[in-house]
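Two complexes, one shared chain (chain A), two partners (chain B, chain C).
What follows is the complex of A and B.
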C-alpha cells in the first residue's frame, strides 16, 4: 500500500469529521461527512504538516550551520539557550516576532510588504512538491522537477521588487545584483538538470530517485553535479556568491531597510531555499531516500527509514555548503557573471552531451551500468 | 542608472572606524571618491597641553587603539628629547620589543579585518585568536590588553615578569606556524588572488608625492623604513630586512605586512636574547623632580605653573604599524608640554584614495580600503 502524506492528512481529516458527524444531529452531521469539507480540511492539514516540518527543519538548519561554522572558526557557536544552543534560533525568532514592523517613510508600501511575503510563500510552496520518501507522491504530477525549479526561480522578481520599493541605494544595488546573478545562474542550473532528465527519462522526481536505486547520478554526471551545486550556491546567495547582500560594501544588500518580522521572513526564506537546494541535490544526484540494494536490508526496512536517510543526506549536502562558506572569499560581480555565462553554460551543455553518451552506451567502466529502461 | 553619490559611513561595515567615504558610482563603477574624516576627533593634541608629560601617555594609547605601544614610543622619544632625559639601554630594548609585538598584534588585527572585507569569514576569528596571545603577553607586563600606559619619560614603568622571555618565544613559534596558515587561506585561494591582484594600484611616484608611507609605500617597491633609514631606540643593533613588494596592489600590501610580521618575530627573538643576558634598570635614575613619581603622576593638588625649568623641543618619527608617524613636542619650561603635534600616517594614506580607488568597482571598495589599514583614532586624534 502506498501511503502519501496527503493520505495521512485525508485520514486525519475524515476521522475527525466522522467523529464530529456522529455526534452532531441530523442534517448537520451528514453535511459534515458527505460534503467536500473533508477534502478541504485534508488540504489544510496537509499544508499545516508541511509548514511545520519545513519550518522546524529550516530552523534546525540554521542551528546546524551556526554550530558547524563555529567549529570551522575555532569556537563553539550558540551554546546558551537550550542544550548546545538548540533553542537559540527559536529565541531569536521570538525576538524578531516581538519587534515593531516599520516602513521607511519614502518606501512604497505595496512592494515593501508584499516582496518579503511573496518570497517567503513561494519558497514554502516548493515543499508541497518535493517527495521526501518513497510513496510520498502518487505520480499524479509528472513534471514535479520542472515545477519546483520554476517556483524556485520566482525569487529574483520578489527580491528586486522589495529592494526597489524600499527606496535605498544599497537595497537597489543589491537588488540589481541579485536579479542579474539569479538570472545568470538559472540557465546553467536548468541545463544541468536536463542532463539528469535525459538519463532518468522523466521529469518526475520520484521516478528520478527510483532510477538511481543502485546507480546514483553523482558519479557519472559529475559535471552536471558541479554545475548544479555551483549554480545553487549562487541561487541561495551564499558565500562565495553572496554579493547581493555583501556585508562589506552593501551593508545588508537588498534587505537593508527591513527589520523585525519582515527581516525574519527574508532570513527564513533564504534558509528555506538553502534547504530546497540541498534536497534537490540529494534527489537528483545522491539517490534521494534510497540506499544501494547491496547494503543490508535492515538499514532501510524500519519505519520512516527513507525519511531518515533522506534527512541525513540533505544535512550532509548542506554541510558542504557551510564548509564552502567557511573557507572561500566572495567573488566580484563581473567575475560572477563572467563565470556564469562563459564557463557554467558551456560546462552544462557539455554535461548534456555526456548524459546522452551515457544513455547511449548504458555502461561506464568505473560506475557500472544504468538500470534497464522502464524502472528497476 | 545615472551616476549617484552614496555614503559609505559613518556607520558602515566597510569603514572600520568612524568616518565617511562618499563614493560616486555609475552602476558598479567608482567615478569619484571623497573621504570625510573628523567623526572621531577628541582633541588629544589640545588635551595634552593640560597634562603632565607622563599623563599624556594615557592619551597615546587611545590615539591608535590597535597600536598603543607604538604611539607611546613615538611620544616618549619626542618628550625625552624635549626634556633632555637619558633612557637606560634595557628600556630601549624593551621598547623595541613592545613595538614589534605591537606591530604583530596590529597586523594580525589588520589581517582579521581585511579578510572579512574580502568575504572570508573564518580567518577573522583565527586572527583574533592569535592576537589574543600577544595581548596576553602585554597583559603580563603592563596589566592592560588595549591601553597599556607602560612607557614613562626616562624608561618604562616596570621590568618583565620572570619567565617572560620563554613564554614569548613559545608564542612566537606558534605565530610563525599561524602565518603559514594565513598565507594558505589567502594566497592559496584562487578567488582571493582574482579579487586582490591588480587592485587598488598606487605606484611609487604617486605614493611618494602624496606622502603615503608604511606598507602601502613598501608595497609599491620603495624600501623605505624608518627603522633602517633613521634608526631610533636600538633598531640599529638588531638585524632585519625591509619587506617590499613590487606590484603596488592589494596583494602586495598583504605580502608586505605578512613579511613584516615575520621580520618582527626575527627582531623580537634577538631582543629577547639580549634581555636574558643584560639585566639592569629600566627607568632613568635622574629625572626632573617636577615630572612626579613614575608610578603615580602628579595630582591636581599642588598645581603650580612655573616657567623656570629648562626649555627644549623634541621631534621623533617612528615606523608604527600603519606607516611613519611623527611627533613634535615643545617644552616651554612648564610642567606641561606647551604644544604637542602628531602626524598620522593613515591620514595621508586615506587622503590619497582618489589615486587608488577611481576606476574600480563598488565591490572593490572594502578590499582596497582594508588594505590601507585604517585606524581612525589616529587620523582624527
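What follows is the complex of A and C.
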C-alpha cells in the first residue's frame, strides 16, 4: 500500500529491479531482485525525490511570498512568466545560473567559495531527518529534533566565514550582527522546545507528532509557540529580525559581495531555512501530518494524504511569517537582545512550567487527554 | 498668571499593541486586495476599460471621455488627409518646430499635396497646431501610448496619423467658430506683375486674378512688364495662411488691416 513517500520510492525501485531481473539470466537476476539492492536503490530514489521536492518547494515558497507580499501592498506580485508568475522564480534562478561567478580581488578564496556552499548544504541536510509523513523513520532516530536544531544553528558560522572572507565592511558588519543575534534567539528556542519535549516525552519528531493525536500542542503550549515562532523569525533572519541583511543600512549585509550562483545559493538557503522553520513549527505545534479526529477519515486515507496536509500547514505557517514581514519594521540589535533575554527567556521558562503542569494533570477540560505514556 | 493647559499625559502603550496594530492593518489590507488589488496590470488592462469606469473618480466630477481620459486630452494627432489643404499653418504655429510638411500622394505633380509629419520626440503637446488648423483636419486624440524602442518610430507620418484618425478615437473639440480676424492680405498694386503665383498656390483658392484696365502708355515712356491682372482676395474664404505673401516674387502682397 502506497501511503508514504518512501513507499513510492520503494515501489519504483522494486519494479525497476524486477523488470531488470526478469530479463537478466540466472543468478544475476535473482541477485538483483532478492538482495538488499532494492533498499539501497529505494533510498537513493527517496533522497533524489526529497532533494527535488525541497528545492521546488523552496522556489515555490519564494513565489508564495512574492504573491502574498504583493497582496499586502495592494499589488499583484509576479504575473507574467507562467500562470500567475508561477515560473518567474525558476526564470530568475536560470538567469542567476547563467551568470559569471566572480570573486573580489582581495577576498579570501577558500572562505568566499566555501561559505555559501556550506550554508546551502547544511540547510539541505536538515531535510534528510525531518519526517514529512507517517512511516518516515519509525523512531530509529531518537534525537531528530535536537539534530535538526543543531544543524539549523550552524548557519551563523558560515555566514560569518563568508562575510569575513568577502573583505567588505558591510559584509563584515552583517556577519558580526548575525553572530551577535544568535545568542539572542538560540537559548529561548531551545527552552521552548524543551516544553514540547516534556509533554511529548521524546526528542524524536515522529513520536512528537504521534503524541499530538488527541490535540495539537499549539493550544496548551501557546507560550512556547509564541517564543518558538519569534525565535524562528530571528533564526531565519527574516523581517523584523533581518539585522544581518538590513538593506537600508548594510547594502545587502553579508551577501553584498556575492553575485550569480553564489548569491542564488544564499537566497535559496534562506528560503530553505524558512521552509525548515515552518516545517518545525508544524511538527512541534500543529500536529504534523495528522488532522483532528473529528474530521472525516476520508480526508487522510488517500495516498500521500499526510504529505498534502503537511505541506498545506507548512505554507500556512509560512504565510504567517510573510504576514509578520509585511507588518513589522526592523528592530535594533539592542531591542532584539532585550526581547530575547528579558521577554522570551522568562516566557519560555514559564512555558516549561506549564508543560510540567500539563503532564501532571494529563487531561484538560477543552482539549482532552494526552495519550498514555509510552504508547502510540 | 493664566492657567495653562496641562500637558497631555503620556500614555504608556502596551508593547503588544506595537505588534498587533500593524498586523491588523496589514491583514485588513490583505483582505481588501485579496480578490483584486488596486494595481492594474497596465499593458493588459487599463484604466479606460469599462470595468474601471465607475471606480475612477476625479475630484471635479466624473470624467466625460472614455474611462479617466477626458475628451479634451491632448494625445497623438489624428489627421484627415482628405480635408487637409496643405496650408502649412500647423507647421508655422508649432513652437517646437517638430512639424514638417511632407509630400503625400494625391496632388498634381507640379504642386504636390503636403501634409504635416510630426516628430513626437520633440512635440510638447501644446495643441497650437490643431488650434491653427483652419479645416479642422488636424486634431488631438486621447491616445497616449507612444513608447517605442526606436527614436525613428516617434516620427509619425501623415499616413500613420490618418490611421489614428480612422480609429475614431475621442478627439479634442475642434474650434469651429474661429475668432474674427482683422488681418487682411493687401496688395501694393503698382508693384504687381500679375504673375498668378499667389492664386496658383492659395490652398483655399480664394484668390482670383481679375482683369484691370490696361494702362495707356504716355508717349516716350515704356510700360512695365505686366499681364494686366491683379489678385483679389475673397476675405471670407481666406484662412490667413500667408502662402501668397511668401510666394509673391515682387513682394507686393503684405499683411495689413482692412481700411
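In the analysis below, the second predicted complex is superposed on the first by the 329 of 376 C-alpha atoms of A that agree within 3 Å, B and C clash if a C-alpha of one lies under 4 Å from a C-alpha of the other, contacts with A are read in each partner's own complex, and residues count from 1 in each chain.
By our rule, a residue touches a chain if its C-beta (ideal position, glycine included) is under 8 Å from a C-beta of that chain, and two chains touch if they have at least 3 such contacts.
For clarity, every value in this text was computed on a predicted model and none was experimentally measured.
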| item | value |
| --- | --- |
| Which of chain B and chain C A:333 touches, first, second, both or neither | first |
| Winner by number of chain A residues touched, once chain B and chain C are compared | B |
| Which of chain B and chain C A:239 touches, first, second, both or neither | first |
| First (chain B), second (chain C), both or neither touched by A:323 | second |
| First, second, both or neither for A:79, with chain B first and chain C second | second |
| Partner chain(s) touched by A:71 [first = chain B, second = chain C, both, neither] | second |
| Set intersection of chain A contacts, chain C complex versus chain B complex | 72-75, 326-328 |
| Residues of chain A touching chain B in the complex | 69, 72-75, 169-170, 173, 176, 239-240, 242-243, 246-251, 325-335 |
| Residues of chain B defined as touching chain A within the complex | 1, 4, 6, 8, 12-14, 28, 115-122, 124-126, 129, 185, 189, 191-192, 194-195, 361-366 |
| In the complex, chain A residues that touch chain C | 68, 70-76, 79, 323-324, 326-328 |
| Contact footprint of chain A on chain C as seen in their complex | 19, 22-23, 25-27, 29-30, 32-34, 37-39, 41 |
